[in-house]
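Each in structure tokens, the structures are laid out below.
Both of the next two complexes hold chain A, though its partner changes from chain B to chain C.
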Partner chain A sequence: MNLRSDIALIGVIILGIFILFWMNLLLGDVPMKSADVFNLLAGGTADNPAWSYIVESRLNRSIVAILAGGALAISGLILQVFFRNPLAGPGVLGITSGASLGVAVVVLGGVTMGSLLGNLGIILAGIIGAVAVLFLLLFIARFIRNSVTLLVAGLMFGYFTAALINILFLWANETATRKYVVWGLGSFEGLNQSELLIFTTLIIVLSLLCFMLVKPLNALVAGTDYAASIGINVKSTRLLIILFTGVLAAIVTVYCGPVGFIGIAVPQLVRVLVKSKNHAVILPVVFIAGSLLALGADFIVRMSSNSLPLNTVTAIVGAPIIIWVIVKMNQRNVSF
Partner chain B sequence: MRSLSILSLLIASFALMQCVQHTEATISEVTNQIEQESVEVKYAEGFDIVYQEGFIKVITQSFGENAPFRDSVYIMSNSEKVFETKSKIVNQVTVRLACQSSTHLSFLDELDRLDQVVALCGIKYVNNAKISKTLSKNEVIELCMTDQVQMENLYQSNPDLFLIYPFGSAESNEFYDTGIQTLLIAEYLEESQLARLEWIKLFGVLTGRANEANAYFKEVEEAYLKLKNETQPLEKTFIMNLPFQDQWFTPSSKSVGVELIEDAGIQYYYRNEKGTENIVHSNEQVWNDGIQADYWVIIARRPIDFKLADLIAEQSVYKEFLSVQNHQVIFCNTSVVDYFSKGVIEPHIILKDLCYATGQIESHEPQYFFLLE
Partner chain C sequence: MLAFKQLEIRAGARHLFAASSIHLRNGIVALVGRNGTGKSTLLKTIMGLHRDFSGEILVDGKSLDSYKPADLAKEIAIVYSKSNIFGSHSGRDVLMLGRLPYQNAFAKETAVDREQVNRIIELLQLEKFIDQEFSVLSDGEKQLIMIGRAVVQDTKIILLDEPAAFLDLVNRHQLMRVLQEIAKSTEKLILFSTHQMDVLPKVCQSVLLIDQNELRLIEDPTTFITTIYKSFGMDNLETDEV
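For the complex of A and B:
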């Protein structure tokens, strides 16, 4: 019965992704017929030569939304299990802020996306920032037993990095400042073919690697002592979790800006909806649910002629989910 | 006992605050008043000059659908004249100016009055080497390291008049209690290039250079109108600027910039869209339209040697644009020229650049706009 309902849920989510994906390709400020979109996707031409670029742009941002949403969601899920806190996520723990600081150092220093060197520099800086914050959190976690206190520490990292970024603004020129501010609003748009290739490859590889963590995650739900007792190498698992989640969140942040709420809201929602407690089921469901939410958010952004920032939409959708889940958990007296 | 100590401390602090004495702002002594010809406002709607016995009243105000404000300052020529207590009074010969916008600098520079600037918001954003050098030589004080005016720096600069933007304020009394006199300046609200330029007359009156301001305005006005009248309307359209992330901020069809380009004989692609604010289009909308526009006028900050190929490298769809295919991309590189400040006082040169780019005149050395190669 449980399995059936989970399969049905997966089916609904996948169907939702397909529908939104197609709507994202079809609808927009430039109206197109389905036949034209099909024709262009099949490599044909249209009367207006700009249409092939428009469809390509819609396709690219849809792919980015699917992968970014999925990556943030599984990153949040793993962090929630690891820190044994349902409010953990790349944003709350300061990982996104760390990545933002890395990006700020490079972008406000004058380096831009576009060149291979620029791309690599920004990606590396983002990853270093994110992983550094995670290691710091891990270090602090030695002295803090209370998971809520650890979240507060993560929030403080966020404030601290934001302060450092504000200081960097003082030395930045007008163009770099503008670029950084717009990047900070978040968007799934704007990746060219080579950037898309790098982004897609990294996210797919890292997401697949996360599936290596299914067994440790199942064990960690019952605590590190239990995990160690059944033969899980907690130390190496911790390292892998930090690397995978940090790098995943950092890559999404570098390419799409700091996208909020998906990392916390989706895992919580999925935990409520999915019957299975096995992460072999939860992990993929969280990924596709994250994709669905991100794709939906992007669709709303596009329908507003891009005038609504992505983070505004994810906040409007994500914040009520988080509140609802917190209330629900409180009623059940569930800490995790 | 402890709460009593805290209370005593608070009372003592309050008493100390009351002890801080502020020097009342004093009216500058009137010296060497220069005989100036009168200024007549012809195009501008945002300011007026009223001449009275013993003083000149400079009025700035909102107009049309803009947020309402009204402000004024008296320029004295008779020290015996008695004004209302709250009146703002300056002496035009020795007036020390603080400016919230670098646009004001071009007016003052043209009138050879840059030396009167003692403080400025955004010194690092001044894009004119000559003006930057003068500011540096005169040790002009930076007022805004962030968006906020640094009050200590403002006090240190001790200006007679602080020229400020009216963003969100009906009156310029935000600084009243500080003893710093302010004047709201909103030349950017004007709806024509000549109206915006005409603000040079206000700066002329403030700094005792009304004669020079009148002469400069007349010269530019004549050159601009002559060129405009000689221009033939072309049945060609243009789009403007570049996207920022996934949005394309296209100017309103009523904007001064669009009007200036239309004076060169070409028509704005979005001329039928209503409103006075920038219109936000999605990238795909402009891509769809940009294919058909004959010209593409871009004002942007790019590397000095920016070429057409670099533009296409930014977004491959650009190579499909008619303007790109026909090499009709008219570009103003703001990292090279001071379009947003100096350009305000040289609309005749900008118009000539545009006429040259659209083939309306045969011989000209472009200064602001040129065709991307």
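For the complex of A and C:
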């Protein structure tokens, strides 16, 4: 029974991804026919030569949405289980803000994404910012036992780094400032082929590495003390969790901006819907559900002719889900 | 099964207690001592989670240091006084966590795992609430499930850190009955810390007492209570509800 309902859920999500993916290629300011898109994807040509660029750009941003949504969602899932709090996520804990600060230092300093060196520089800065915040948070966690209080500390990191970024604006020129502000609204578009290659490789490799955490995550639902007693090396697990979630969230943030809500809402929703308690199942389901939500959000953005910022759409979809989960949590009177 | 040799346990700058040579075999053993004497620290040390000690702890004849966490999990299981689970796990899901040390990297459940879980559900009579969600169960039911989880782990030693701390009188009796049942049907060493003295002579083969910074083994059930009370400096038994 449980297995069947999980398989049905996976089927529905994958079907949804296919439909949205296809619609994202066909629809937009320039509508296209299925036959033409098929033809172009197969390497053929279309009547209008400009169409191949349009399809390529739509294809690229759809791939970015699928990987970015998945990455944020599994990063959120792992953090929620580790902190045993359904409100944890890369955004809430200040990890995205840490990555933003790293990006701000480099971008407001005048470096652009265009060159490979600039690319790597910004990625590295984002990762350093994200992982630094996580280490700081873990250090504070030694003194704070209550995980809600810890979340508040994470939020404060977010405000603090935002303030630091505002200070950085004082020295930045207008072009750099505008570039940073536009980046901050979030978007899955605008990656060129080489950036897409870097992004895709990093996200896929890191997401696969997260499967190393299957047994630790299964055990951590009972808390670190019990996890240690069933053979989990808590210290090394903690390190892996910081690295994987921090780097995943940082890479997405560097390329797509600080995308909110997917990292909290998707794992919450999937943990309610999925029956299996094995993270070997939950991890991939959360990934594809994150892909679906991100793709859906991008579709809405595109249907508005790119006038709605991505973060506006994810907030409108994500915030109600989070509120619903909080209400449900209180009804069941579950203490965390 | 579990032995201490010239053991001396510290917590930071504080010297907690020492034990010259103690050997525990299978059966039920209580760990008694006043608050702050180091009962929980001793259990943590045996779990390999507290490293601030000198001397030797032997688990099944081998030094504690020679075990990797994954191997120690097949030798020792533990039950804490309070547990909560993050997620909508059923009691059965929680029992299955005890099989984790035996599963592959993807935590695949085998027929043996399921069989073991079913056997323990039957042994401890957990059928009534095992398929309900863990978080809605009473403290007593939760604790029985956590004990079941420890038995499912299939270890030679089960430690319990004040397992009855949050239980009412009826559940405390139930808990002791279950521990006796486990001791009778398996060859395990069950070591539990407690402040409850009345049950000791009936239930335990021996008592570990932490007193004046020393860990001692009391082996004669008729002297359990008098020895403990004397060590606590309470000679007048009449004024106490024992």
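The rule is simple: the second predicted complex is superposed on the first by the 334 of 336 C-alpha atoms of A that agree within 3 Å, B and C clash if a C-alpha of one lies under 4 Å from a C-alpha of the other, contacts with A are read in each partner's own complex, and residues count from 1 in each chain.
Just so we're on the same page, contacts are C-beta pairs under 8 Å (C-beta built on N, C-alpha and C of every residue); 3 or more make two chains touch, one makes a residue touch a chain.
These figures come from a predicted structure and were not determined experimentally.
Enquirer: Specify the outcome, clash or fit, for chain B and chain C once both structures are aligned onto chain A.
Expert: Chain B and chain C fit side by side in the superposed model.
Enquirer: Contacts for A:Ser57 in the overlay, against chain B (first) and chain C (second): which applies, first, second, both or neither?
Expert: In the superposition, A:Ser57 touches chain B alone.
Enquirer: What is the contact status of A:Ile230 with respect to chain B (first) and chain C (second): first, second, both, or neither?
Expert: In the superposition, A:Ile230 touches chain C alone.
Enquirer: Given the touch rule stated above, what does A:Val182 touch, chain B (first), chain C (second), both, or neither?
Expert: In the superposition, A:Val182 contacts chain B only.
Enquirer: Examine A:Leu170 and indicate which partner it touches, taking first as chain B and second as chain C; both and neither are also allowed.
Expert: first
Enquirer: So, does A:Phe38 touch the first partner chain B, the second partner chain C, both, or neither?
Expert: Neither partner.
Enquirer: After the superposition on A, what does A:Tyr159 contact: first (chain B), second (chain C), both or neither?
Expert: A:Tyr159: touches no partner chain.
Enquirer: Answer with first, second, both or neither: which of chain B and chain C does A:Trp22 touch in the superposed model?
Expert: In the superposition, A:Trp22 contacts neither chain B nor chain C.
Enquirer: Touch test for A:Asn278: chain B only (first), chain C only (second), both, or neither?
Expert: second
Enquirer: Shortest C-alpha to C-alpha distance from chain B to chain C once the two structures are superposed, in angstrom?
Expert: Shortest inter-chain C-alpha distance (chain B to chain C): 40 Å.
Enquirer: Do chain B and chain C touch any of the same residues on chain A, and if so, which?
Expert: After superposing on chain A, no chain A residue contacts both chain B and chain C.
Enquirer: In the complex of these two chains, what residues of chain A are touching chain C?
Expert: Against chain C, the touching part of chain A is residues 80-81, 84, 211-212, 214-215, 218-223, 225-226, 228-233, 271-272, 277-280, 332, 334-336.
Enquirer: Taking the touch rule as given, give the residues of chain B at its contact with chain A in the complex, in rising order.
Expert: Interface residues on the chain B side: 124-125, 145-146, 244-247, 280-285, 287-288, 290-291, 301, 313-314, 316-317, 320.
Enquirer: Using the touch definition from the top, list the residues of chain C that touch chain A in their complex.
Expert: The touching residues are 47, 49, 69-74, 76-78, 80, 83-89, 93-94, 96-98, 100-101, 103, 105-109, 135-136, 153.
Enquirer: Would you tell me which residues of chain A are touching chain B in their complex?
Expert: For chain A paired with chain B, touching residues are 28-30, 48-51, 53-54, 57-58, 114, 170, 173-175, 178, 182-183, 185, 187, 189-190, 192, 302, 305-307.
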